[in-house]
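Next up, some structures in structure tokens.
Two complexes come next, and they have one chain in common, subunit A, joined by subunit B in the first and subunit C in the second.
Our next item is the complex of A and B:
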């Protein structure tokens, strides 16, 4: 049985002229937009003025200015801290790749079905429970100073490598849970449909479940990525000098907190692109999944 | 507690000698009719408890780190008066006219000690090295101790045979963060490999024993403490020349503290009457001579 389908080419559609009422609406909206921009600008300026005035009236303002915003020290500490940040970035890149791989594996193992895989599920759950619960700093100590203490010559003894391993173990557990939530959010009918057209478990996972699951968890993944950007610096307890550690060295040398401000701003700048990517990903998901339901 | 009494006696002797030698303005204070109680200090009325603007009136509050390490303090308890800096803490308080009962301690972390806000202590002796850069942010008293830096390594390791500065330069070195030891690595030793930095010496010692660093730079008294007791199997590779390096410990006070001059006067007086030297022999007796790296 066939249904008659009427196809209308876009160029054939002739829109009626815009009515005066609609034009009036558009003008009104434009006026409101201009007005709200102006109000926002004035209120921002006023707020900035109140904050600046309030701060400058603080009795300790000159001390704070000297201790936290010393421009010449900021200039002096910029390059050493940037060198430290380069270590952060390298560790971040390597650990993020390893984390995603490990987390996907663990999430897969945790959601694998069938009675025979019970021990696998238990192990994966135990891993997540343990490494998500263990404070990262303690994990760093255990891996960084404990593992080399075993004195196996084949084990790594570089603090950066050991620190990266600890980061991967800790964040792997968090991200595994993000992936699991994504996998479990895909409706079971999808799996059933995949099975009905003859896909194996692995195939349905790869072709049907994961593409949907991962798309759904991109915003929380980026959230964890920003958190990792900052936690990478914790490996400095093992001896490597990252941006924050370099700032601490300079702070102790000059008894001045400006280097911390410099390092802090660098991390903020680093996090902004990730934030925008996260926003864009969320907007894209909204467009795709909630199209036609403007709120 | 015989050791305790000894410290008190030392302070008392110090106080007595200053009065007898007439260095202090105590006699002036007495002449001008200021009521001189037992608590009035030997440094004169301007530095007596009555006129000192301390954090807590009538009491001197001394900042101490947490935890405290030997040989500077003993058993993480500043109230014992044991350990070099603890003894000097009490000696300065005594010199200012505060008896032991009017001496209080408060725990102060490094960051807390150097932050720009109001301080919770009157003075703080915590192996703070005096430098001009730091003196822009805080006040320092006159120096109470001159310290050398030393390199510690594992006994029997190849690193332990580095007898020259050139040989030490090739080692993987490490130090505690924020210390003069770290500055000495970067400014004086200038090693081939980037130094590693640790939260504290305990972490650094773990790294030394794990072979992650070959040489740990620390001040000489701490190095003797570590190698002769705390950490088995370690040895002092050598000490670094003092020349050109900031090496004086001073008491730290708030920037512009009204007590700076008086604490400085007290330190100078303690040095002049030999108290500091005595306390040094008593508490830093383990500090011997280490071969100098040239």
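Our next item is the complex of A and C:
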């Protein structure tokens, strides 16, 4: 029996009935799928049983459980920590917006052409070099404790505000580099095309280069967002009552580390969806590149 | 310094002042000379076709003409402006020149319509409705009115290049530069693009183009210029340069091209 290769099937063309060979292949694949699902289920159950059995029999397990997984304390600390997390989320939202704006500005200033802008380029480059190299914890101490120490009445001394400023300065440098790499990844032929139709530098940047650059850097930006989600917990060192600080208070109160586990799990749960979105965005970008779109 | 319209060596004096006039155009990349003193005139409503092997300097001459490259020596006049003068604003010059590239260079994040209306909207500050009407008119002319809302990645090579031509014509340039616009196309798509160029020429556009399509050069060009190693070897009407070249190097090149089946 022969099989006509049907690449395009217009509406009025009727495909020949499915052959016995193809039906056999489909049956075989279905059987294989059922079998592998069953094998996966059995092996997972077995594995979970061995781990649970091993852990509960391990010497000292009860002590570990008491110190890290105290269920009643977890229930008690859930709400205060969640209240703290609300502060983290607000800091996250405000700082992410500021970071994107600052980073785009710095990236633009680093790539701007013309002799007049030489000092601006130098300044933008120095900013990136400095804040990308400076440990965040030192920056937090300098701004969070150093600035209030100046006792200028016009400067903020709220630890949350100061912590947010430190996060924005630090992440702004990273994200500026992400934007800059995106701007530079746009093919020179796009600049040539934009110039050839008479766009000025600023017009081609705004209408041709940046829209393509930003689309391309969405996956790395989401990655940095996941990192920021965790690092908002660092404002606790300045005394802001966030999820981490709240957990610390409860830990000291009950001499038990369960509140840290609760706070840690909250951050993990927060990061999972963002991580999945970042994966999906990266996969989409890869697909688009591999489909051979016009550059 | 010779002005526009003044005949260079080996060129006849034409009565009308040319739209584009190159005198002694030289371009050196590092230590490599790519153009060595090119003299070319493109008269109004004329099509001048540059032929020559890859690396002969055709594309570089076109890139010098719209200031994507700065010349190393020589002068280029666009009407009565010396565009090689460093005080000359490149943006203003490019607004009078339409360019179509070998690799289309459409903007992938914009629909076909937005690609075509971008310059009229942003450069000429046309109202959106008027820019759209003009673009739809152009897309109709290039046979792509039904693709107006598609994105460039949905177009065939021929459709993409016709869109690029519409984009270059949308701001009604004084001069059209075509840089090997059919070299990236499948053979069966070359015809649709070339017949569009022929139409555009018949409607009065002034064209300077680099191509490997000898048959097209023979049919459409007013003047054919053969470049070799950055030197203008021979120029004249296609009936002379393509059928009965004076220079041995031109003859050699044409024999090679005809041998490879690109003559038609």
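Keep this in mind: the second predicted complex is superposed on the first by the 255 of 295 C-alpha atoms of A that agree within 3 Å, B and C clash if a C-alpha of one lies under 4 Å from a C-alpha of the other, contacts with A are read in each partner's own complex, and residues count from 1 in each chain.
What we mean here is this: contacts are C-beta pairs under 8 Å (C-beta built on N, C-alpha and C of every residue); 3 or more make two chains touch, one makes a residue touch a chain.
These figures come from a predicted structure and were not determined experimentally.
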>> Just checking: does A:192 make contact with subunit B only, subunit C only, both, or neither of them? Give me first, second, both or neither.
In response: second
> Between subunit B (first) and subunit C (second), which does A:245 come into contact with in this model arrangement: first, second, both, or neither?
Replying inline: first
> Of subunit B and subunit C, which one touches more residues of subunit A?
Replying inline: B
>> For A:82, using the defined touch cut-off, is the partner it touches subunit B, subunit C, both, or neither? Pick first, second, both or neither.
In response: neither
> Between subunit B and subunit C, which residues of subunit A are contacted by each of them?
Replying inline: none
> Inside the complex, what are the residues of subunit C that reach subunit A?
Replying inline: 66, 68, 90-92, 94-95, 97-99, 101, 103-109, 118-119, 122-123, 152-153, 160, 167-168, 171
>> Touching residues of subunit B toward subunit A in the complex: what are they?
In response: 110-111, 114-117, 131, 133-134, 136-138, 174, 177-179, 182-183, 194-199, 203-204, 206-207, 209-213, 255
> Which positions of subunit A touch subunit C when the two form their complex?
Replying inline: 189-190, 192-200, 203, 207-208, 211-212, 215, 291, 293-295
>> Taking the touch rule as given, give the residues of subunit A at its contact with subunit B in the complex, in rising order.
In response: 60, 63-64, 66-68, 145, 148-149, 157-159, 236-241, 245, 248-249, 251-257
